[in-house]
Amino acid sequence: MTVRFGVLGAGRIGQVHAKAITTVPGAALVAVADAIEAAAQKLSDAYGCDIRSIDDIRTADDIDAVIICTPTDTHADLIEDFVRAGKAVFCEKPVDLDVARARQVIDTVKAENGTLMVGFQRRFDPDFTALKAAIDDGRIGDVEMVTLTSRDPGAPPPAYIQSSGGIFRDMTIHDFDVARWLLGEEVETVMAQASVLTDPEIEKLGDYDSVNVILRTASGKQCTITNTRRATYGYDQRIEVHGSKGSVSAMNHREANIELANGDGYTKPPLLNFFMSRYTAAYANEIAAFVDAVENGRPTPTTGLDGLRALELADAALQSAKTGQAVTLA
Amino acid sequence: MTVRFGVLGAGRIGQVHAKAITTVPGAALVAVADAIEAAAQKLSDAYGCDIRSIDDIRTADDIDAVIICTPTDTHADLIEDFVRAGKAVFCEKPVDLDVARARQVIDTVKAENGTLMVGFQRRFDPDFTALKAAIDDGRIGDVEMVTLTSRDPGAPPPAYIQSSGGIFRDMTIHDFDVARWLLGEEVETVMAQASVLTDPEIEKLGDYDSVNVILRTASGKQCTITNTRRATYGYDQRIEVHGSKGSVSAMNHREANIELANGDGYTKPPLLNFFMSRYTAAYANEIAAFVDAVENGRPTPTTGLDGLRALELADAALQSAKTGQAVTLA
Amino acid sequence: MTVRFGVLGAGRIGQVHAKAITTVPGAALVAVADAIEAAAQKLSDAYGCDIRSIDDIRTADDIDAVIICTPTDTHADLIEDFVRAGKAVFCEKPVDLDVARARQVIDTVKAENGTLMVGFQRRFDPDFTALKAAIDDGRIGDVEMVTLTSRDPGAPPPAYIQSSGGIFRDMTIHDFDVARWLLGEEVETVMAQASVLTDPEIEKLGDYDSVNVILRTASGKQCTITNTRRATYGYDQRIEVHGSKGSVSAMNHREANIELANGDGYTKPPLLNFFMSRYTAAYANEIAAFVDAVENGRPTPTTGLDGLRALELADAALQSAKTGQAVTLA
Amino acid sequence: MTVRFGVLGAGRIGQVHAKAITTVPGAALVAVADAIEAAAQKLSDAYGCDIRSIDDIRTADDIDAVIICTPTDTHADLIEDFVRAGKAVFCEKPVDLDVARARQVIDTVKAENGTLMVGFQRRFDPDFTALKAAIDDGRIGDVEMVTLTSRDPGAPPPAYIQSSGGIFRDMTIHDFDVARWLLGEEVETVMAQASVLTDPEIEKLGDYDSVNVILRTASGKQCTITNTRRATYGYDQRIEVHGSKGSVSAMNHREANIELANGDGYTKPPLLNFFMSRYTAAYANEIAAFVDAVENGRPTPTTGLDGLRALELADAALQSAKTGQAVTLA
């Protein structure tokens, strides 16, 4: 059996998912929709899929599932519409910037007995799954302290920042999900600091570019997250988990695995530039997991609730950064 | 335009090439031939291609090019037959174990104005091409000393060893090609030592499992090659080039880029197991380069002559190992 | 000229300093004092120095300087006594667990025009000074985010914890000093989380074993500190400084610089076990810096004020961990 | 008991040994002799030892042992003279450039029941002893292939090359000793290639600057050695031993254990510059081993015979490089 896909939104992340679909056995890219015709055409040319309207995709007989890659403020409605139309839905994070609305969507999906997977691709990265397997195999004992380092090579455009909900909701949200995944317990308390250090324009937009967060679970496990919007050396994505019997780390990926030596020292190339190249395998594995869930009627490995929890942590972190107080989650 | 491929031989390396074809834009896998029906069926099932006889592929209108992955002793005849039939030919090394016959084949290809590319996939590995680019960009000055380390995880089956021509011709031959590529000058003198250290059966077959070679060019540049048929830690593939202004190295690839720490120390996973996983990108890039040559009428980046030269070095190394004398090439 | 030393306290850290003195040109170990005769004898045997009472050392003509390695609650009085006696004083951190008393001591030293250096040996570690030099040379641009990882191999004995003032004052205090040194600005705000994860006995003593701290300066620079009392893989001491133009890191030191490879992977030895072996060079360089200050009448590179500032940060972190609120320093 | 030392020759290596003596418990530097007064004075000033003539040291009652660091052509006579005078002798390699004369010296030492240790400091390097211990503990199974990489940062002065016996006898000789130590069997066959690539002046002196050697034992174990007189990135000293169950490697040492990251990549500092800084610990451990042998009447860990064997390998390598034939040792 093949799961036949429509991709809604042909921007950067839409392209990433379209490409991933074409590399996954059992997945077929049937149609793409985008308000900007040129964007849709580009995907159509690259992969030979149809260009259709969102409505046509929703009602199509030859579409089993959609990937929602449209702007954030359309996610909630689209999820509800497509679930009601009987399509399996994969939606990029977040479900909605408003926690109450996100809860509503989750309820709708449940009421409709629908399928919703929220995109947290890091859980499907081969290195990170190997790291998680080492933890689950008991190789570091009980998890005690998680350290997440995520640095983007550069800030997104101002328009994106204005609608993204800010750094905690568009960037740290991935770390919040990884933290939940690795801690193995829900977070109880959130502390955060946030500054603008790279570009005063970001301050004008009411956002931050440099943040640190401490998460803490009921049993006292902790996680620190460090984020910045600018790293000159590439897309820095590291995980370190310290446990009672040892620790396990996932290292960065480089452009090439070579080293040059001379009088200035020993130099390895910069890191892979950004998520499109760093997480190529993760995006494909993520789609494969979604296909597996759809085909076999299994629960999706990440859910609307995961999206909601990560968003709640983002809201809490923002509040803590603004008030200087630890925020306790319900 | 698409280059339509037939794959001759559906064994291990045939499977590798078939898969590579399916990932290269502008390449299509049309048919496979193999004396063992199950092997051909497996490829057909995986990629939806026809099963045909070698003869049918040679005379087919819908086939532009073939990949020859049959046993070594069939290479020479098949190359000649397919070139005469107007097909572009990609042949796994070696052209023939007999140098004179290999020369004959090269002459035939030339007379027929045919296209022949011999498979030395390492030249297309992304790390190795980055290393070569660093050299070509003058970042290490003049090349002086090349160090090649190639260790297989385990020996091939006895039947393979019996027909492969031995370790110098089936394994070191790749290093000989890399040496020529990196030295940038033809090799003049070859010295070698060879032992059986891993398995006495190999000695009975008249072969070796542990060899070291020193190559030297007319201008005095040198290259050492170290090979063994058995490495417990995976498929060890390293290059180091020392030049007048610095050096550049290509490192191994691991199963995952993680590290576990405990009282026993810091442990990274073993290396990727063998060429099928280590050189996945190289095989795809190699086919892409062949497709580019076929489509655009350009010379192939590796030729029958490259195959011949590597074979001559293998013969010289064997002679040196047996006689204890340096062998000078014509 | 030679600076003639008396060492007060022949316990673990006293031994470290005594050994350091014997390796520094221009420093001589003349006498040791310790209430436990066997401890003093051990040092005397090892380095051929006298055993004397603290009083005798204070009044001795052949002693220019003392290293105070006695229990924390004696530091303040001893500093004042020896400064008044005209001796140059090097005191292990902290000056006193009570900030007000520490301020008093600093005032006394100033009034007496005395010499006081407080022991923060990390500033003298060769790797860390190379890292600091890279920052000062502008190689990473403006410092934005500092990440300090310090993990001890095991907890100190309960008696030590009871009198040390707890993890923030006996362990994190070194990180607070490093943070101040690297941030290049005073810290304005402190946030901290603290748990007991390794041993319930530590909770009974009213202390923590696992803490994370976020520091923030007036201009928004940030520093995270992660500490634990138990790491199975040795004494983990890492620094990473991210700046506007790049980042610089200092890596851990191992027992030996070797790597073993087999089917389980590639394994490097554990880290050096603890501060005595990890900071051998730092302790010697620290004494050399003190000797230089004493001989040439220069200010000491670390002062009583540095000790005080680090202690204030420790107090603030403890308060934040207890209240869940960011603590702002005066 | 203390072993009281005289150092003969206060040049570069004499200074290294003098310093090492001052750091070894149970060793005392009493006197130095050098034809160049300023050189002797420098050592005397640094360590407070006497300046004496070689004759005075030989007949002195307060000297137990000597370190011979004079020019190579004086070694043989000095060893014999001092052994006859009842002094324990530590001599820098080689005993003599003439193998027959070296044998004579060894016979004299034996006849006099004297103590002679020849300086091969690498055997005492902490990393290399850890590597050797891993082999001896069976962690890599049977040794099969040893790979030694030794690159000097720059060539010695012409005058040194003229009297040193050439690269195989002054530089590779250390690798020959390490090879014997690690192979655990005597070498039977030697093959070598040698070129001049860095400086034509070296060719005029009849020497080489770039050499590769393959050694082979009776049981077929092999060792490759690669040497060059010029490496821009520092003093490159690596060992890799491949065995039936795994491999073990010793890595290089850097000026500092830090890493800088920016748009050009990740850069670690160059290697330690040369043997004086790289082998500081090895030289001290070597003297400590000699002191232990002298004090406790034990055999020295390296002997005149080790010096002889390494020299024989150097002679064989030179012959092989000149003739292009493998040289078999008696």
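When the chains are written out, they are named A, B, C and D in that same order, and each has its own residue count from 1.
Here is the rule we use: contacts are C-beta pairs under 8 Å (C-beta built on N, C-alpha and C of every residue); 3 or more make two chains touch, one makes a residue touch a chain.
The shown structure was predicted, so the numbers you read here are calculated from the model rather than taken from an experiment.
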| item | value |
| --- | --- |
| Pair with more cross-chain C-beta pairs in contact, given A-D and C-D | C-D |
| Maximum centroid distance from subunit D, chain identifier (CA atoms) | A |
| Between subunit D and subunit C, distance of the C-alpha-averaged centres to the nearest whole Å | 40 |
| Rounded Å distance, subunit A centre to subunit D centre (Cα mean) | 57 |
| Residues of subunit B whose C-beta touches two or more other chains | 232-233, 245-247, 261-263, 269 |
| Subunit C residues within the subunit D interface of the complex | 23, 126-127, 130-131, 134, 139-140, 245-253, 255-263, 269 |
| In the complex, subunit B residues that touch subunit D | 142, 144-145, 147, 149, 151, 189, 191-193, 195-198, 210, 212, 214, 216, 220-222, 224, 226, 228, 230-233, 242, 244-247, 324-326, 328 |
| Subunit A-touching residues of subunit D, taken from the complex the two chains share | 232-233, 254, 261-270 |
